[in-house]
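Here the structure is laid out as structure tokens; the discussion comes afterwards.
Just so it is clear, A, B, C and D label the chains in written order, and each chain counts residues from 1 on its own.
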Amino acid sequence: MNPHRKIGDVILKAENISLSFGGVKALTNISLDVREHEICAIIGPNGAGKSSMLNVINGVYHPQEGRVSYKGHVRDSMHAHEAARHGIARTFQNIALFKGMSVLDNIMTGRNLKMHTNFLQQALYWGATQREEIRHRRKVEEIIDFLQIENIRKTPVGRLPYGLQKRVELGRALAAEPTLLLLDEPMAGMNVEEKQDMCRFILDVNDEFGTTIVLIEHDMGVVMDISDRVIVLDYGKKIGDGSPEEVRANPDVIAAYLGTSH
Amino acid sequence: MIYREAGQFKINYQSDSAILPIVQDRMFMIGLMVVSFLVIPVLGSDYFLAGILTPFLILSLAALGLNILTGYAGQLSLGSAAFMAVGAFATYNFMIRIPGIPLLLALVLGGLMAALVGILFGLPSLRIKGFYLAVATLAAQFFIEWALTKFGWFTNYSSSGVISAPEMQVFGIVIDSAAKKYLFTLAIVALLTLAAKNMVRSSLGRSWMAVRDMDVAAEVIGIPILKTKLLAFAISSFYCGIAGALWAFVLLGTVDPQAFDLHRSFQVLFMIIVGGVGSILGSYLGAAFIVLLPIVLNLIGQLFHGAISTQFLSNMEMMLFGGLIIFFLIVEPLGLARLWQIAKEKLRMWPFPH
Amino acid sequence: MQFFIEVMVGGLLAGVMYSLVALGFVLIYKASGVFNFAQGALVLFAALTFVSIEKMGVPFWIALAITLGIMVLMGVAIERIVLRRLVNQPPISLFMATIGLSFFIEGLAQTVWGTEVHGLELGITDEPFDVMGVFISKFDLFAATLSGVLVAGLALFFQKTKLGRALRAVADDHQAALSVGIPLKHIWAIVWAVAGFVALVAGMLWGSRLGVQFALTLVVLKALPVLILGGFTSVPGAIVGGLIVGAGEKLAEVYLGPFIGGGIENWFPYMLALVFLLVRPEGLFGERHIERV
Amino acid sequence: MASPQALQVNAHAPSRPALDTFPKLLLNHAAVRGNRPAMREKDLGIWQTWSWAEVAAEVRAIACGLAARGFARGDRLAIIGDNRPRLYWSMAAAQCLGGVPVPLYQDAVAEEMVFVLQDAGARFAVVEDQEQVDKLLEIRDRLPTLTHIIYDDPRGMRHYQHDGLHSFAEVLGDGRVHHDEHPHFFQSEVDGVGADDIAIMLYTSGTTGNPKGVAHTYHSMIVTARNSIEAEGLSDQEEVLAYLPMAWVGDNLFSYAQSMVAGFCVSCPESSETVMTDMREIGPTYYFAPPRVYENLLTQVTIRMEDASPLKRWMFNYFMEHARKTGTRIVDGQPVSMIDRLGYWLGNLLVYGPVKNVLGFSRIKLAFTAGEAIGPELFDFYRALNINIKQLYGSTEAYVMVCVQPNGQVKPDTVGTPAPGVEVKIADSGEVLFRGPGVFHSYWNRPDATAETKTDDGWVLTGDAGFFDDDGHLKIIDRAKDVGKFTQGGMFAPKYLENKLKFFPYIKEAVTFGDGRDHATAFINIDLSAVGNWAEKRNLPYTGYTDLAGQAPVYELIRECVEKINADLARDPRLGHSQIKRFLILHKELDADDGELTRTRKVRRKFISERYGVLVEALYSSQESCMIDAQVKFEDGRVGNIRATLKLCDVQTYPLATA
């Protein structure tokens, strides 16, 4: 009934992932688990390989070594759209919205996988297509309501300020009703108030829909506040993994990342 | 100014996502349809119908086809005329090789052949992008032009390579007069426009735009990139194919590969640049512009009573086209349709500036 | 066998001339990221201008100098009037703008210089001579040599000179180039001027072979497959691509043509390039582009 | 949306008993116009709509759900939240059961709610969302009677585990079950309530002392609502936007009682931030707003037009000028020449129509304003656009309607003639008294206060001072207790004068003095942005408020304003003696942080007159200037002194018109 804080079994398992680009190692032999319903943060300095890790998880990059299993499906190479079909959604570090479309249409694209009418039916826009559009529109409106972006519903996303674009991108990911949500620096470049809003949305998503969340974030306060677990990467290697308290106390992490401030 | 939207609220999603959600726009469209279907065929002169409106409509359809591919799905093509040619020749061959085939069926089959060829030449789009792809579509342009000229089978071994259209009949009505040809074209173009509008406002259209705007993100969302692109190629080519068939049968009465050369491809491309990339309305505005410009230039030429050579005029036309393309890309990359949209926004906000 | 070599060598020599046109593209693409479809129009314009000036009785070298001046001015004007205003537009828009540009220049060339076909005599007789039993066109050899020298010179220029390195820096990253104090606008203007020069050479060679006429613009269509094969950013790529296209199309015409009806040189290079692209989308010498997300 | 099983009202039942309560009216609408829209709410991007039959079914389910939890006759149901359909329906549901709904101001902090909830002894509360639930939980230990809290919006409520906290869905579900088990319960409850039962309790804002619960009977509400519907010719076709606080009597009359009586549709905006756009979408035919809303709209129009191209601006100004001359006459049905009509028609095409469209006023047949005085400029602007805007004068105790401006006799400075069925008289003290069908039943738990306000023969004291002008229109001048006297006799109504001053865009605040003196004087606060603009246009440099306020041209500007008022006052024999003889412009803006204004930005005249006593005395002396040294609190909390020498300025006065 209430999935809150009830952390389940491992649903995502990455084993011995190594990835390099033209000889440059981005990830070296990284293994990590993510459990159902948890909020797991990946932290680390710039260039530590955090984004690459997300890209491996949802199939944008294909690691040279290692394998990823998600909900028991083992694979070493999966395409991004397959990952989407398995319920993995994500946002990007540099907002990757569809600039020429409205907020509404952007979020609607998040439901594309759930829309099944063919193009001939769509050309007629009658019966099944219209019902489908309305059904999904309603669902999208609920997301718009959830994220409190009603007043910009029909605005082209290109015209929105940064913070709102991030919110819309989260909405697009949520529209897919994912079981695993990957957020790449969801709060980068936001002011304090926007960060608070975004934190609340992330916690609400985790709480209300039971979504498992993996996020990359630089703001330590935020990470320590909202994560159940923190994984620390440094130069493509994993140097820490545990509860926020454990990670905070880990000497390697302190040396490599947190510095002397702790 | 003319808009009075207060009180036009939406109580369901159907009306909120209607093609024309504003009453005044709907009235305008109804008026336009009445004039186009009922008034113009009666009052229009043969020259006006056959020399201006019919080519305008056909080219609009071709521009619409290209706009689906280039404007909505973001795949630049320089080979639209080739797909027009496929449509024209395929329709011709269906008509002469299957006796008694209804014109409309032949037309659809011709469009489908164009779609098939479109898919074939769209296949590289999985791996190549941008101008690489544009160059690949040039391959289609040259190859198809060559094949149609080279193989007599396509032209039914006509000695000149030029073939004449057989008599056209729809539901027992022989389409012979300028007015009938105009109406026939108008009906087809209107229907296909509606279908295009419907596609671009449903999930297919959103997938196209997603692929156009940010293909990596589209893939991550689960949009099948290749399928989406190929559908764009297929549907775009279908539209171009129908336009080609209409051009050959309804407008010219003959089918000649030279009518579909690279120049035609560029002409169609110019229409969408001037009219508006990624806008259905833009396809029409662009076609109107490109069709009318030479006519206007000619009229100006006539004013000078032959003091200006036709050669000069045609060079001027080239310069003007080229200049306009650059002008629009610099000043208003979204073309006339965007200007129209801005004007409409202004009217809705009138007298306020924003 | 001898025939095969003859065809092949003929093709290769013609290919060098394709390279020459392709070179104009590569220069501009490298420096400003613009795929300049108007290069063909520039070739036509250059050749027409030169011929027309020469026809007025101006000596060859002076006509050449005047034409060069005009081409440089034209390049700078294009950069100023068109491209600078499109700086932040997507590459596809720039490409379309150059299509518009090519129409404009073609119209302009013919408005100014007329549409009749001019002959262009460079003083090289086009007679074949025998090299170890293989007949080679003298003109082709000349043209190929000239092209080769030009291409090699430009390659050296890019590798060795300060300006050349600056140009490459600009191509790699405009912002970075700006931040290290490279005057972007000057460089673009220079590149367009060089492209104009290359167009002049190409125009004269092609013009003396085909006659100076509208059809010259079509050489651009020959250069495109060359670019695809060689990659848009590589000078050596343009050479190798040109050679492949030149040899390939001649061989195909001779050996494949008879089976499928002939006249295939229009599309064969494209098909060749297309097939090649499917295997290696970035071209022969192009840089592999990793998409960061 | 609504329950699928719309209420089956016994359509073939014998003629219904009198429609003397809102539940009975509701059931009647469900029977006679069941499919017509009753309520809308902008939600999830569209205007979700409920028909009368659906509303009746929802109300029944809520009522039965409340009854299942023990809500009984006479119980009070607190209602807290923005205008939401379910909150209105809860109001009706409580009335079905003979209970008394008590709407509260939703923006009040928890502390402020304690008194009302205690005083009303509410057992049940229906609230909008988590925010309101949190407030109630915070003060719950002081509210022993409050046993049930029902919330509409479940967002964020997932982990709330509190006794007596229910979601709306639970209540509705239980209600449907209850109704299935006791099919006759609901109807018999509705039938058991009559015209003289208490229908609602509305708490007055209580400027002095604690708020008082004004209890109204069904009779007073329904008769008042019906009288005004008939007088104004309203029908069941009206569209109304419910956006003013539910706790305010005006909203109760316009969005609830009149809708229930006339059967028109009420729409709830998406949120308080979107009222403007929602208003534009709905395009109401009947509208109510306090003057400040109209003023904000006009400001917006002005600001937006400033950005327009010169041609457009010229066009706008030209036609607005034309409208001010002819539009008001057209609204009032006075004769207008053909040429002027043609000009107005053209103006309507180019300016008035579009402006109204953008504001959402295109379909307005009737617009009311009340609560404060409205500036004549403002009033004329809307009337010039052919919007029939009218002032009314009312109070919670009267269920709004005391006086209304009749059609065609609208004067900006009066509040019109007595509403239908209402009698109004002026006491010797100048206080306005009224009597009529809408008079309240009593103050809840306050027989003493009831007796003070309501005389045995039914007259109610308003606490306002006013008089009837020659046309029989009531003119309200001030709170009765604030009205003073000049030494040589004659009434001094400070607020009346201050309002008149504030109608000038250049004047932000004004404080007038005159009680116990022989003439009136004033402190002025200029409006920094308006006067700043004015100064910029004249190339008048200034460094800030204090600098600008002291400049001679500004004094000249304000003097002209004051003179205009004097000229105006001179025309009214009853007020002509309160012409302002001298004024000064304060060197600082009056500020709530310095205690000079209340938090609702009303001037605290007494405090100011003490604090700036030197200046007041100077105004009544012959000094040309005066030094002042006053403490101010800066925004960062520091306290400092501002010292300044203020100029005092004489103003021309005019001879009184002969009475």
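Keep in mind that, in the parts below, contacts are C-beta pairs under 8 Å (C-beta built on N, C-alpha and C of every residue); 3 or more make two chains touch, one makes a residue touch a chain.
Heads up on the chains, UniProt names are A = Amino acid/amide ABC transporter ATP-binding protein 1 (HAAT family); B = Amino acid/amide ABC transporter membrane protein 2 (HAAT family); C = Amino acid/amide ABC transporter membrane protein 1 (HAAT family); D = Long-chain acyl-CoA synthetase.
Treat the numbers as computed from the prediction; the structure is a model and nothing was measured.
Asker: Among all other chains, pick the one whose mean CA position is farthest from the mean CA position of subunit D.
Answerer: It is C.
Asker: More C-beta pairs touching across which pair, A-B or A-D?
Answerer: Of the two interfaces, A-B and A-D, more C-beta pairs touch across A-B.
Asker: In whole angstrom, what separates the CA-based centres of subunit C and subunit D?
Answerer: Here subunit C and subunit D have centroids separated by 77 Å.
Asker: Nearest whole angstrom, what separates the Cα centre of subunit A from the Cα centre of subunit B?
Answerer: 41
Asker: Between subunit A and subunit C, what's the gap in Å when you average each chain's C-alpha atoms?
Answerer: So the centre of subunit A lies 47 Å away from the centre of subunit C.
Asker: Which residues of subunit A are in contact with two or more other chains?
Answerer: In subunit A, the residues touching two or more other chains are 60, 92, 96, 137-138.
Asker: Which parts of subunit B, given as residue numbers and ranges, touch two or more other chains?
Answerer: Where subunit B meets two or more other chains at a single residue, that happens at 12-13, 216-217, 220.
Asker: Could you list the positions in subunit C whose residues touch two or more of the other chains?
Answerer: 293
Asker: In the complex formed with subunit B, which residues of subunit A make contact?
Answerer: Interface residues on subunit A, with respect to subunit B: 58, 60, 79-81, 83-85, 89-90, 92, 96-101, 105, 108-113, 115, 117, 119, 122-125, 129-130, 132-134, 137-138, 172, 176.
Asker: Hey, which residues of subunit B end up touching subunit C in the complex?
Answerer: Those residues of subunit B that touch subunit C are 76, 124, 127-128, 130-132, 134-136, 138-139, 142-143, 145-146, 149-151, 216-217, 220, 262, 266, 269-270, 273, 311-312, 315-326, 329-330, 333.
Asker: Using the touch definition up top, name the residues of subunit C that touch subunit B in the complex.
Answerer: Result: residues 35, 82, 85-86, 89, 91-93, 95-97, 99-108, 110-111, 115, 221, 224-225, 227-228, 232, 260-264, 266-267, 270-271, 273-274, 277-278, 281, 291, 293 of subunit C touch subunit B.
Asker: Looking at the complex, which residues from subunit A come into contact with subunit D?
Answerer: 2, 4, 104, 137-138, 141-142, 144-146, 150-151, 153, 204, 207-208
Asker: Within the complex, which stretch of subunit B touches subunit D?
Answerer: Contacts found on subunit B: 1, 3-13, 16, 349-354.
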